[in-house]
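Presented below are the structures under discussion, each in the form of structure tokens.
You will see chain A twice below: alongside chain B first, and alongside chain C after that.
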Partner chain A sequence: MKGNGVRQSMAWIHGWLGLLAGWILFAMFVTGTASYFRPEITRWMQPEYRPHAVPQAEAARTTVAWLQKNAPHDEQWTIYLPTERTLSTRAFTRARPNPDPKAPRAPRRPEVRLDPATGAPIEARDTRGGEFFYRFHFQLQLPHPWGRWLAGLCAMFMLGAILSGVITHKRIFADFFTLRWSKGQRSWLDAHNVSAVLALPYHAMITYTGLITLVVMYMPWPILANYPKPTAFAESLYGDTAGQKASGQPGRLADMGRFVEAASAEWEGARVSRIIVGNPDDASSTVTLLRTGEDRLNARGASITYAGVSGARLAASPAPGPAVETAGVMLGLHLGWFAGPLLRWVCFLLGLTGCAMVATGLVLWTVKRQRPGAQPFFGMSLVERLNIGAVACLPAGIAAFLLANRLLPPMLVGRADLEVSAMFWAWFGLAALSLLRPVRRAWIETLAISALLFAAVPIADLAMVGAFPTDGLFVAFDATMFLLAATLGFAAWRTAVRPARAARPRRRAPVTVAEVREAVDVA
Partner chain B sequence: MSLEVALLGYAGFAKLAQGRGRHSRTARPDRARARILGWLLILGSFLAALHRFGPYLAVPAWLALLSVSGVILVLLLSRWPMAATAPWIPMTVIALPLCLL
Partner chain C sequence: MASAQLGGQGWSMAGRSLTALIGGYAAAAGLATLLARLLPVERVEATAWGMILSFLFYAAFGLWAFHEPRLTRVAAVIWGAAVVAGGAALLLGVRP
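Our next item is the complex of A and B:
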């Protein structure tokens, strides 16, 4: 650290915040970017599933019929109705807790995906699909609640890094369009600045709203201080009736399609996204319908609750106050459900820009500290190796996840978990193997392997599905895989040609004042 | 489609890059004119976003489209400094009828 100015101290904190959280942030940026296409990835990963679209009311009827047959005495059903993007109905059920307090807690049942037309579980290869990326993005495949805590901690580091980075960067407007290739450290700084500054509104928004999404978990104390129970908080804000007790008298649910139609009519034709049925076999059952957030910025839609047996309208969520509205809009901005196809691709590209920002920042940390001819110190080697493991090897893991989807036999038992294992084995395995190679060779080779694996995904798709894809979604997906392969291949090629260029002796013009000033900024 | 917002944003950034003075032998008053036109085009892209998305969604959609057009411009500019800014006229011309669609 040179000097004591604000800018120097900000540069120092920016470097350390970015470094310590960087590797996890890179994984969060990559999986979060993929999550913009969560339903599309799931559809690609179940190529044999081609359902017929049916009205929502029909989907609700068939799903309830299946649940009444298979989980009639459960405490709660949660049904996600199909949309234009998600073609299957998703249902979660929660068993009634065992009245004996010593009995072990009933395990949470896994998600069931049903065909909306028939109400039967869909007959397609078992996979986690896009849900895997979405979950990993904020849970990091760690046990609850550690993953969410770690993700939140990294997001806080990121927010700090953004603020300190803006203060550090004194030539924001002068260098707005500046990107120079093949100039060593300056090129890395240019790439880091450009990817950060041009998409700064996006980076700041996505980091802040991401933190706010789980703020109740990170800061539970205001609710604990003001409400007797956390459920009372949800009830007063969203009209949530999850805490309703069963009467003990048996009852039969009225026609579910009617509820969907009634709610949709009350919302002037807006669709229902989710149905929550409380105590479905009880006389005091409740049916809560939630409005979709697809057509507006606020992702937390209104809800209406009906009595399940009589069909009477019991309650509706109160008109949202400013705080609830703000929280809903922040969630909506983070999830990006409001985005139509073009805007969704734009968000995807901005997410990739974020990945580039984190990756170039991590590389810059090492490039800045390299001394020609000097033996790298331990911390330096550690950071270099972790950079390779995160930036170059994670893409290989993701490609392996998608490849495993096509290469594992479709009816293999436990294949969904095997796909996930394939990702982690490929990711960490490649990172471990790269330790055997010198740093530059390791970069080139891991990037090239990642590129090859991504290029193999569409080939495996063509070979295993057997027919050339006619569905636009499959064409776009395979084309995107080729583009990602090309990008990684380009990175490998650039890494490979760099030393040859740097070694070429250059005749330089006398150093100008502007260049001296820039050199100072770089340092 | 909301492509016109990105096209106008690209055109606006291209003019701002031309007005920046580096790598160009443009005279000073020309550069000032390019900068003013650039800001006007960016204002135009905001108005196009307002027209397309309505007041509620316009700001996030505009910022997202503008950011992506800036990233694409800078990538092209780093490789082809002259050719990257050239298509601002056809882009503006294509964007105007798109606003009305």
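Our next item is the complex of A and C:
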């Protein structure tokens, strides 16, 4: 660890940070990259849903009509209006807390997705859709709040690995252009450098902004220094939203479409992303509308609050200062909502370079430590096996998730959960089975199985949906599946044609000072 | 290279890792909080600056903990920064 210079110590810590968080980071990069297409994945996973686009004001009206029929006495409604990409309305409701303190808390109601034209729940196969990748990306399918803490810890390791990796790097410009195939360790190092250096600004940005998305949870202490009541911070960010107490007098909400039109007009035609209705059946109900973040870098849009019954404009969020604007832009950069189709594909490809960076770094850790003819030590075997389980088997799980969506009967009860189970059974099952095979064979076979499963996704789509897809979204999705299958197949083929490990000449453990220095530079 | 050096230094490495992970967080949180309390700008702005910069502090403390060879120095600086910054923030109390 403690070499002479900063480059040596940073090389050492880079290796350990990357290794310890690498397997989870790989899964976070993969699911995060998929999340750029969250609405599109959801639409692919509900092929029978044919939405009718309607103006936002109309969608707001139909949604409120449905909520007034089905959850009239709730404390709060949250409505996500349809966009050009989601094409459906999402609504969450929160029940009033039971006045009896001993009564159990009302369970949180699941999200409802509504057809914006009719206000009726969407009639399509039940699925988590792209939401699954999005949630897994920062919650890791662990109970709250442990998944978010673990994801934050791994992001922090990633930040440390990026900073130490940059310090380690002597030839950051030259390595931009260097990729030597079929040279053993040198190739893995080049691949790691190319994938990391090429997209370095992206990796640094996505890691830091990722930490910022949950900063209120990870680093709440600055709030305590400035606010006697921690909730006051959020209020000063968003303006005083929906903080009104219910009066107890019944009241009827004014036409929701008018609120949408009024807010949109105030924002010079910008769309409304979300509506929060407080105490919807009360005389003191409030309606807060949030501006979309899709047309600008700052994802934290402005908000306006109206009195629900009279329609009077009560408050608006203040114009953000430089720090709040910076935080909003960081959030926006992470979420990528601002990106149009072309830029979104660029983000997707940059995300894939992140996956490649983590994967090649993990492999490099083992390749660097292999000695010809030597029995792998325990730590080495452990890392090799976990690498296979993460890098080669996770793609199989994702393909299984998508395959299950097409193969399970559309009306099967509990199918959304079964899709998720299919993912984890395929992922961990394949990883467990791979333990039965020698390391090299295990790499080749798991990569090949993942490739085959991805190739099966568009075939299952054609077979089960029955018609050749004409919608561009379905064509693009199926084509992407074939490309992912080809990439995984190529990886399996490269592993197979590579000369076996024992046959390859290898350098001894470095002994001289010069060799130590060289080894460190290579790290 | 590192694994050979580490033989018999398990406890020292554990102490260093804990100092980086937990002490580094505490020091970063303390500094970010003090910054948020003292910055002469609006309180919402000062809070946001503290939060935005906190992870940079954390990363700097964490990496330096593995660069500085003397563990006592690492522990003194990082835990010291946590106690001093956190204590100062506590003594100052909530911004009036």
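FYI, the second predicted complex is superposed on the first by the 495 of 523 C-alpha atoms of A that agree within 3 Å, B and C clash if a C-alpha of one lies under 4 Å from a C-alpha of the other, contacts with A are read in each partner's own complex, and residues count from 1 in each chain.
In the analysis below, a contact is a pair of C-beta atoms (placed from the backbone, for glycine too) under 8 Å apart; a residue touches a chain by one contact, two chains touch by 3 or more.
Here the structure is a predicted model, which is why all the values come from computation and not from measurement.
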| item | value |
| --- | --- |
| Which of chain B and chain C A:T286 touches, first, second, both or neither | neither |
| Touched partner set for A:V6, first chain B, second chain C, both or neither | second |
| Touching partner for A:G160 - first (chain B), second (chain C), both, neither | second |
| Chain A: partner with more touched residues, chain B or chain C | C |
| Contacts of A:Y227 with chain B and chain C, given as first, second, both or neither | second |
| Which superposed partner A:T168 touches (first chain B, second chain C, both, neither) | neither |
| First (chain B), second (chain C), both or neither touched by A:Q46 | neither |
| Contact footprint of chain A on chain C as seen in their complex | 1-2, 5-6, 28-30, 32-37, 41-52, 54-55, 58-59, 62-63, 66-67, 69, 89, 92, 94-95 |
| Complex contact set, residues of chain A against chain C | 1-3, 6, 9-10, 12-13, 15-16, 156, 159-160, 163-164, 208, 211-212, 215-216, 219, 221-228, 233, 236-237, 321-324, 326-327, 330, 510, 516, 519-520 |
| Chain A-facing residues of chain B, complex | 1-3, 6, 13, 16-17, 20, 56-57, 60-61, 63-65, 67-68, 70-71, 73-75, 77-79 |
| In the complex with chain B, residue positions of chain A that touch it | 176-177, 179-181, 194-195, 198-202, 205, 296-297, 333, 338-340, 342-343, 346-347, 349-350, 353 |
